[in-house]
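What follows is a single structure, written as structure tokens, with notes after it.
Each chain gets a letter, A, B and C, in the order it is written, and its residues are counted from 1.
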Amino acid sequence: MRGQIGSQRAGWLFVAPAVAIIGVFFFVPVLAAFVLSLTDFDIYSLADLHNLRFVGLRNYVDLLVNPLFWQAVGNTLYFVGLGVPLSIAASLGAALLLDSRLVRFKPFFRTALFAPVVTTLVAVAVIWRYLLHARYGLINYALGEIGIGPIDWLGDPHWAMPAIVIFAVWKNFGYNMIIFVAGLQTIPQDLYEAARIDGASALRRFWHVTLPGLGPVILLVSLLTIAGYLQLFAEPYVMTQGGPGQATVSVLYFMYEQGFKWWNLGVASAVAFLLFVLMLGVTVLQLAIGRRGGGP
Amino acid sequence: MKRLLPAIAVNGLLVIAAILALAPLLWMVSVSFMRPGEADSFPPPLLPHAPSLAAYRELFARQGIGRNFANSLFLASVATALSLTFNVMAGYAFAKLRFAGRDRVFQLLLGALVIPGQVAMIPLFLMLKTLGLVNNFGGVLVPAAAGVFGIFLVRQYALSIPDELLEAARVDGASELRIFRSIVLPVLGPIMVTLATFTFLATWNDFMWPLIVLSDDRLYTLPIALASLSREHVQDAELMMAGAVVTVAPVLLLFVVLQRFYIRGLLAGSVKG
Amino acid sequence: MSLRPSRRAALGQLAAGSLAACAPSGRDGEVLRFWAMGREGEVVQSMMPAFERANPGVRVEVQQLPWSGAHAKLLTAFAGGGLPDLCQMGNTWLPEFTALGAVERLDARVAGSQVVRAADNFPGIWRTNVVDGGLYGIPWYVDSRLLFYRRDLLARAGYAAPPASWAQWLEAMTAIKRLVGPQNYAALLPLNEYEPLLTLALQQDDPLLRDRGGRGNFQSPGFKRALGFYAEIFRRGLAPAAADTQIGNLYDEFARGYFSFYISGPWNLGEFSRRLPADRQDIWMTAPMPGPAGPGAGIAGGSSLVVLKGSSKKAAAWRLIEHLSQVPAQTGFWTLTGDLPARRDAWAQPALGGDPRAAAFRAQLERAKAAPQAPEWERIATEMQLVAEQMVTKGMSVDAAAAEIDKRADALLEKHRWMLDHNRGAPA
């Protein structure tokens, strides 16, 4: 009896600090953000709170007819649509190679391929800005050697987002690679043996054994990656500052400018919530597709 | 002999992949040792003509990056200590202690994982402003002190602690705090290293929040200082690369040493996002 | 007050990395925090030792902000209470920070000053620092937009002197266009820049905002004249309908004769002389903006120095402003940065006053005119240009474009009007 009560009290005491911190510094602000998104908090309100007005859903309505907001949504979806499949393909390819029994120095390769993941985003974005330089960049130099004319990667509105995608794939593929390697190890070897005995080619084995075996992992990985890529911010902040011509303004970059450049905190909070809705929508969609694909 | 060709192919492809992954980092190191202006020639030089520390001297002596380095180190260390304290206690309690509302609170916390952190940023800024925590380290540390991911990580690991072990100690009359200190903590050692690595790297690499909270350049962390430097010194490739080396090298080193723990955490965290 | 800056700096280094670093440490001497942007922030540091020698007990800590992030940084610092003692500020930002109550009124300081006098300044520039009848900034360096042109092509087209009025300008552009052929143009007015159109608009007598700054006045006859002239340049094919990001290397294209007139600011004095080949330096020249009838007004731009209201060292901050306003400091700053001095007497220096290309700026600055002083102005100007771009590329009529700009401006000014209606002390 006494142990029971002790455990009760101890339990709450143990979780209280963490729960309090998360409650006060995360849940309260999230609720406050919703309230804020229903107001016109701007620099006038910053000067004097009496200048704050409740505006209902006007921020949301204004955003939904604002072409710049839609461009930011479009840019972000473009980044996700191009970046997520490429990232996952690169991760899967690297994982398949690493998983092969023929590999020598496996720990070295694993560390090398994973290294970009732990690097500081801002620092490597700075590096890539030089690599992508139209005139002095190594990438254009290498392309020039194989006869491809110089591309103004970060200066041309059509190339800026693809350039950021290439960078993001390089930076992130190692993360999912590790998850895929673990996933590959859960596929029973006898399935491969059986396929081999049936005379299935390597490609067919990949298609009929590996991919179905990895199904749930691929779903999980794509969920995580989409959620992460929807939060694109530091890359355009460092590499292009949203340009050229708004071509790399993402939803979060838009929020940052609204919030901390123009100080339209009401609008910025509404942007944050719309991003949340977007993320939730993509997740639900993805889960629905996964359920149908994996269903009986 | 039949396996020789595939073996060459697999290892060859991996070598190419490793070169692609490491090339930008190697290039960064190489350029950081070039003389001012050397990188801006065509074709782009791969190695410094005569290695020089000029960029590093400029970085530390004139740009004062040493201070930013110290800031980053201090913030990442303190954030790690705080996060270890609060998350380990909570993670263990959610796994092993029975108390009213435990599961509901835990579910609620897990729900928070779907809300992007940026939603909270703006009100959090205003809150910290009234608490006087804007433009000082407190503002960076407070939100990093506890996190759902950390609690989740510790809880998953702590679930494997046998109940009998704890019960036996309770029967012996040990207090819950004592049990936690002398029985639980030693068992949780490995996951604590994992959590520490994660927190340290995340705090070191964090960008958007310190960018918003810190306005005084003496308080900038390395990524903020580097981003600010890069907007004024675009033309100085050598200086920027030296700055990138100073920023990236510590975390890479930490990762290489502790990668076993880091990768375990990564896998545990993605079992159930 | 004893002064031991080096010791304090060393202590500061030691304290870095501990929380103590962000608490104010022992005060032996006054530390003045000064924020300046971009290249100016870098250069001005070299001018501090002279000030510190003249003001024992004061040490200046300059923080350099990148231009592109400066506005956000200032607002965040205001909200978080981290603003410095004095600060450089683009003069178009002044109304906004005045509305916030962030900057200190300076009329009394100027009245008691031997150094800073309104009469020494270009009147239009000085006026940008006056908000609601109060003076909040002291011009540091100035800037306006005028014509950079190809002297040789203009001469070959039959004109010895640059155009002084819109009619002459249009005539000269038509002649140049005939000369350079269908692949080239007479002028470049980048569609992503609002300054060329704003310059034309400021040359009109109609104000750009009406109702005490609460509504757009873009359907006034004056603005429509400016917008019509702007549209006409494109309609006649005298300028390419392009943003400057689509131009590639501006200086190469100018040298190639792709365009002969370009509206730009003083920083391009340095760029043109650096980037055009040495043997072709005589092809370019500057001229004041042509106006509707004779030389016209231009934008009153540049940066001011302001004292922040939250500062506890306002007297020392003011002394630094005075220091930077002295003629030697002004000319020295020009030598180091190429930024044009705010004080007219600093222009007497031969290297500046004797340069005909800089002299055009001098003439233009005398006619500089302030843009409307609403905190929302920057965003209104951006919207104005977005609509003007649509007008040029999508064939919108001038009337429709003017109405659309008014509509967008009124939407942006909604809060401003509400403040006026409720006597909330909005800036005029």
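Quick note on the criterion: a contact is a pair of C-beta atoms (placed from the backbone, for glycine too) under 8 Å apart; a residue touches a chain by one contact, two chains touch by 3 or more.
Quick caveat, the model's predicted, so the values are computed rather than measured.
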Chain whose Cα centroid lies at the greatest distance from that of subunit A: C
Pair of chains with maximal C-beta contact number: A-B
Mean-CA-position distance for subunit C and subunit B (Å): 42
Distance between chain centroids, defined by C-alpha means - subunit A, subunit B (Å): 17
In subunit A, residues with contacts to at least two other chains: 256, 260
Subunit C, residues touching no fewer than two other chains: 68, 76, 79
Interface hub residues of subunit B, defined as touching at least two other chains: 126, 212
Residues on subunit B engaged by subunit C in the complex (per definition of touch): 66-67, 70-71, 73-74, 125-126, 128-129, 132, 134-138, 212-213, 215-219, 228, 231-232
Of subunit C, residues touching subunit A in the complex: 68, 71-72, 75-76, 78-79, 96, 99-101, 192, 243, 245, 375, 379, 415, 418-419, 424, 426
Of subunit A, residues touching subunit C in the complex: 40, 42-44, 46-48, 50-51, 53, 155, 157, 241, 243-245, 256-257, 260-263
Of all residues in subunit B, those that touch subunit A in their complex: 3, 6-7, 10-11, 13-14, 17-18, 20-22, 24-25, 27-28, 31, 39-44, 85-87, 89-90, 92-94, 97-100, 102, 105, 109, 112, 114-124, 126-127, 142-143, 145-148, 151, 170, 175-177, 180, 201, 204-205, 207-208, 212, 222-224, 226-227, 230, 234, 237, 240-241, 243-244, 247-248, 251-252, 254-256, 259, 262-263, 266-267, 270, 273
In the complex, subunit A residues that touch subunit B: 3-4, 6-12, 14-15, 17-19, 21-22, 25-30, 32-33, 36, 94, 97-98, 100, 102-104, 108-109, 111-116, 118-124, 126-131, 135-138, 141, 170, 174-175, 178-179, 182, 220-221, 223-224, 227, 230-231, 233-234, 237-238, 252, 255-256, 259-260, 265, 268-269, 272-273, 275-276, 279-280, 283
